[in-house]
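Next come two complexes, and both contain chain A; in the first it sits with chain B, in the second with chain C.
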Partner chain A sequence: MTWVNAVIQGVLQGGIYALIACGLSLAFGVMRVVNLAHGDLAVCGAYLALVLSTGLGVPVWYVLPLVLPAAFVVGMGLQVLLLRRALRGGEFATVLVTFGLSVMIENLLLVGATANDRVFNTGAIGVASLHIGSQITLPWLFVAAFLTACGVLSGLQLVLSRTSWGRKVRAIADDIDTARLVGVRVGPLFATVAGIAVATAALAGVFIGAIGNFNPLTGTTMLIFAFEAVVIGGLGSLWGTLVGGIALGVTQVVVGEINQAYAVLAVHLLFLLVLAIRPAGLFPSGQQARVAQVLG
Partner chain B sequence: MAPPELEPVRVRRWSLAASATAGSAAVVLAVLAAVPYFIGGPAEQPLIIAFTFIAMATLWNLLAGFSGLTSFGQNAYIGAGAYGLYLVASHGVNPFADIAAAAVISGLVALPVSALLLRLSGGYFAVASLVVAAVFQIAVTLAPSVGGTTGVSVPGLGGYDPVLREALTYWAAMIVAVVCVVGVFLLVRAGFGMDTRAVASDPVAAASLGVRVGRIRLLAYLAAALGTGAVGALIALQTMFIEPTSVFSIQYSVEMLFMVLVGGMGTIEGPIIGALILFALQQTLSQNGAWYLVLVGGVAVAATLTVPRGLWGFVSDRWGWSLFPVGYQVRDRREEA
Partner chain C sequence: MTALLEISGLDVYYGDFQALFGVGLRVAQGQALALVGANGAGKTTLLRTIAGAISPARGTIRYDGEDITTAAAHRRIRRGIALVPEGRRLFPSLTVEENILVGAAAAASAAWPLERIYEIFPLIARRRRHRASQLSGGEQQAVAIGRALAAAPSLLLLDEISLGLAPKVVGELYRTLSSLRESGATLVIVEQDLRRALSACDTVVCLLEGRVALAAAASVGRDEVVAAYFGNGQEKPA
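Then we have the complex of A and B:
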């Protein structure tokens, strides 16, 4: 039963990886930006939530209505002030700029918040568990994280496939020049997408902080996990990303059950294995390996 | 007798400036080579760092600048070189002779890795290279035979007098830096250089013109891994202790990025200038690790956005300077006459 428990817990944890990965995938699919600061932005969200929840003396969940809009604005600002300029230099320049940004964020956090591990005040839900039968015990926090991830992914999927805004986003992802020609205003759209990407990252950051702990260097690990979820699932497929995240989570928890020291190594090796045998991921989105196709 | 018919243009590959560079470089190197005799330790320690910076920047430029491979995981090969040195030296071989062996080990390690990574490009290649570095680091910490998480000290150095040991490390670092710069210069000047630059600017167009894109990228990747391995071995020799978190530190990749971006990507001069700038920063700020990296990251971002071709690119665009000519200069003979 330990195994069943481990697998279920892995699936739930995978939801969080998918949650952080979906912003990465969205930004790449729409703007062709591989945001190497994505994980660090998630950790920034966690720190902001920590500061607010400590300051107000409430569990971390109550400050989400403040953190998420702030993250959205940060994402828009990032796009308008930095990434838009970087994009003129091509994908290459965005990779360099976001990597530089990632280094800056990590070290500013180190200066401002020290390297100490932090934990959240998660309130009553933080210690409650869901019992299924007599053997399986699932922390509510993991269940909530997984459900939130599914909710966000479905929401994004719905918005992208059903709304006119989503249609424009898909048009840009498909062919930005043609989209411009038919009158799609790319600038504001990019800013909104960047805002959504950073807001989802911050949400994931809060969950990651809630189920474990975090420090300024958690961001790079988060980036790598998110990226692995995206590649394993297949570039540009949101549900593929969820499957990728689950594959990571299950591998991590199950291998960790055997020997904790090998858990992260196993995740990385799984990723390299997928890269070796199915470089397009498990659910490749066909010829135009673009977010739009699968989302649409 | 009538003069032979002149071609209307003349193609030049060398210049007066290049001769002057070669001459002054020879003088500077001769002076630097004599440092252990006259100044010794206090100058050697920082200069070793400067040499490793020059080598790292030049090699990363071969990858990112000339071949379009933005690897942020080159710290994997710093570590591979350091542990390669340990493995060979622990079999009783002279550690200084091992630098070449460590480089070869690092190159061999890069071979299977390249099969995976070179399928990717752009940002995806960049992040996957981070994963590879993480795998290397974890793998080493799980191997008790190479010291696990605590690390190992470099064997075979105990028999050396400290003054001699430092001097040998210093000369080795100088040789590695010179070999990297001259090697990359010659490589890029040869047909390989034309091919790499074609691949970097547009792989599809390059392939359609008959450039063997896969082979060029592989060669650049292996050459960079080889050289970076030698740098890793040097770092191990200098610190005399190999610890996974420090030899696999992503800081090396950050520094490579900084030097090449600020100095000027895709030139031979740029990375050297970038290395000297980083060296100055490092010497003044290294006591303050986090702020040093904040500044390094910030300047790299600013440089990408404002001077995308780096300081040297800016200078050579403006005045047409070239100290290490790797291209072809076409001159009109009638204008020259």
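Then we have the complex of A and C:
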């Protein structure tokens, strides 16, 4: 029963990884932006939630309606003011620019918020658990994070597949030059996608802060896990990202059950293994599959 | 006749390489113009410049009396210019219907309804739920034209639509273009097959190394077009 419990805990943990990774996957899949500041933007979301929640004296969940729109606007602003210019210099330029942004955010947070770990007021849900039998205990926070990840991914998938906006976004992901030629206005669509990516990062940041604690450097760890989830699932594939996140979570918790010292190492080894066997990931988008085929 | 499209003195560069040298042409409303020339003559560059994918260094493009030289591609589509690009360039992960709907989304007012496009191309109506990557070359070309028509264009730019297709399929596509002309559409057709181009169009413009070598009625003698096509080159047209 301990192993069943470990697998379930791992799946729930994977939901959090998927939540942080889905914005990264979306930004790469559509804009070809490898956003190295994604984790730091998530931490910024967590700090904003902390300031608002402390200031208003309410559990952190109550301030999400303020944090998420703010993060959306920040994402749009970043795209319009920074990434759009960087994209003109090619995909590698965006890597450099977002790396610089990451360093800048971390240092500004260290100066403004110190390196101390922070915790949220999560209210009653923070300590409540769901008990199934005598050996399976599921913290409600983890369940909520997993359900939120599934909801966000389903919502994004639905919007991408059923709406005119989604069709245009997928057209851009397939062939941006032709999309422009048939009249798709790439700029506003990129801004919206960047807004969604940063909003989902902020949401993930709040959940990560609620489950454990966070400091200005938490973003780097988040980014590594997010990258691994995206690569394992297949670049640009949203459902693949969920599977990638779950694979990471299950590996981490199950190996941790055997020896906690090897838990994180096992996660990174899984990532390397998938990269070696299936470079395009488990569920590659059409374009990634074609690239992998060409590269052999 | 009133000129729907009027181009003058167009210079286009790719970095330091000059692809077009002072190109000018005129297409009247309801006319079909054949743009011919050897590989690398600048035909595709000219079409892409008209469509707004490339900015010219010099020269003007006037459409329906308005200067659109610096207008963005989406504005040109809203004004009524649609391009069927070389190599089809469909969105492979989108279905046939989604490809057409992406084209329709750019229309200024009333986009062509899907049913009208399926009426013209019954071939693709049956495959509307299939991904574009699953279609044959002829079907893909029909979708590419359908996607351009969805934007309800007044001027349709067609770049090498017969490339890689069986003669029977090409014949069907040209019959469709002929019926589009009857309904008032203006066409600029880039075509390697000289005989087909001359028979389908009213006027012909031959480009040679980025310059207009000939601009004449399509009834001009084939020999004259061939002479302009060759220049001092080595390639022989079909």
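The rule we apply is simple: the second predicted complex is superposed on the first by the 285 of 296 C-alpha atoms of A that agree within 3 Å, B and C clash if a C-alpha of one lies under 4 Å from a C-alpha of the other, contacts with A are read in each partner's own complex, and residues count from 1 in each chain.
As a convention for this text, a residue touches a chain if its C-beta (ideal position, glycine included) is under 8 Å from a C-beta of that chain, and two chains touch if they have at least 3 such contacts.
Values in this document were obtained by computation on a predicted structure and should not be read as measured data.
Colleague: Is the arrangement of chain B and chain C around the shared chain A a clash or a fit after superposition?
Modeller: fit
Colleague: In the superposed arrangement, does A:97 touch chain B (first), chain C (second), both or neither?
Modeller: Once the two structures are laid over each other on A, A:97 reaches chain B alone.
Colleague: Based on the superposed arrangement, let me know which partner A:175 touches: chain B (first), chain C (second), both, or neither?
Modeller: In the superposition, A:175 touches chain C alone.
Colleague: When the two structures are overlaid on chain A, which partner does A:69 contact: first (chain B), second (chain C), both, or neither?
Modeller: A:69: touches no partner chain.
Colleague: More residues of chain A in touch with chain C or with chain B?
Modeller: B
Colleague: Name the contact category of A:188: first (chain B only), second (chain C only), both, or neither.
Modeller: Touch partners of A:188: none, neither chain B nor chain C.
Colleague: Taking the superposition as given, does A:212 touch the first partner, chain B, the second, chain C, both, or neither?
Modeller: After superposition on chain A, A:212 lies in contact with neither partner.
Colleague: Once you lay one complex on the other using chain A, what is the shortest C-alpha distance from chain B to chain C, in Å?
Modeller: 15
Colleague: What residues of chain C sit close enough to touch chain A in their complex?
Modeller: Listed in rising order, the residues are 48, 51-53, 73-74, 77-78, 82-83, 85, 89-94, 98-99, 101-103, 105-107, 133, 147-148, 151.
Colleague: Name, in rising order, each residue of chain B that touches chain A in their complex.
Modeller: By the definition above, chain B touches chain A via 68, 70, 72, 115-116, 119-120, 122-124, 126-128, 130-132, 134-135, 138-139, 141-142, 250, 254, 257, 261, 290-291, 293-294, 296-298, 300-301, 304-305, 308.
Colleague: Across the complex, what residues on chain A touch chain B?
Modeller: Interface residues on the chain A side: 28, 33-34, 36, 82, 85-86, 89, 91-97, 99-104, 106-108, 110-111, 220, 223-224, 227-228, 231, 235, 261-262, 264-265, 268-269, 271-272, 275-276, 279.
Colleague: Of all residues in chain A, which touch chain C in the complex?
Modeller: These residues of chain A touch chain C: 164, 167-168, 170-171, 173-175, 177-185, 285-287.
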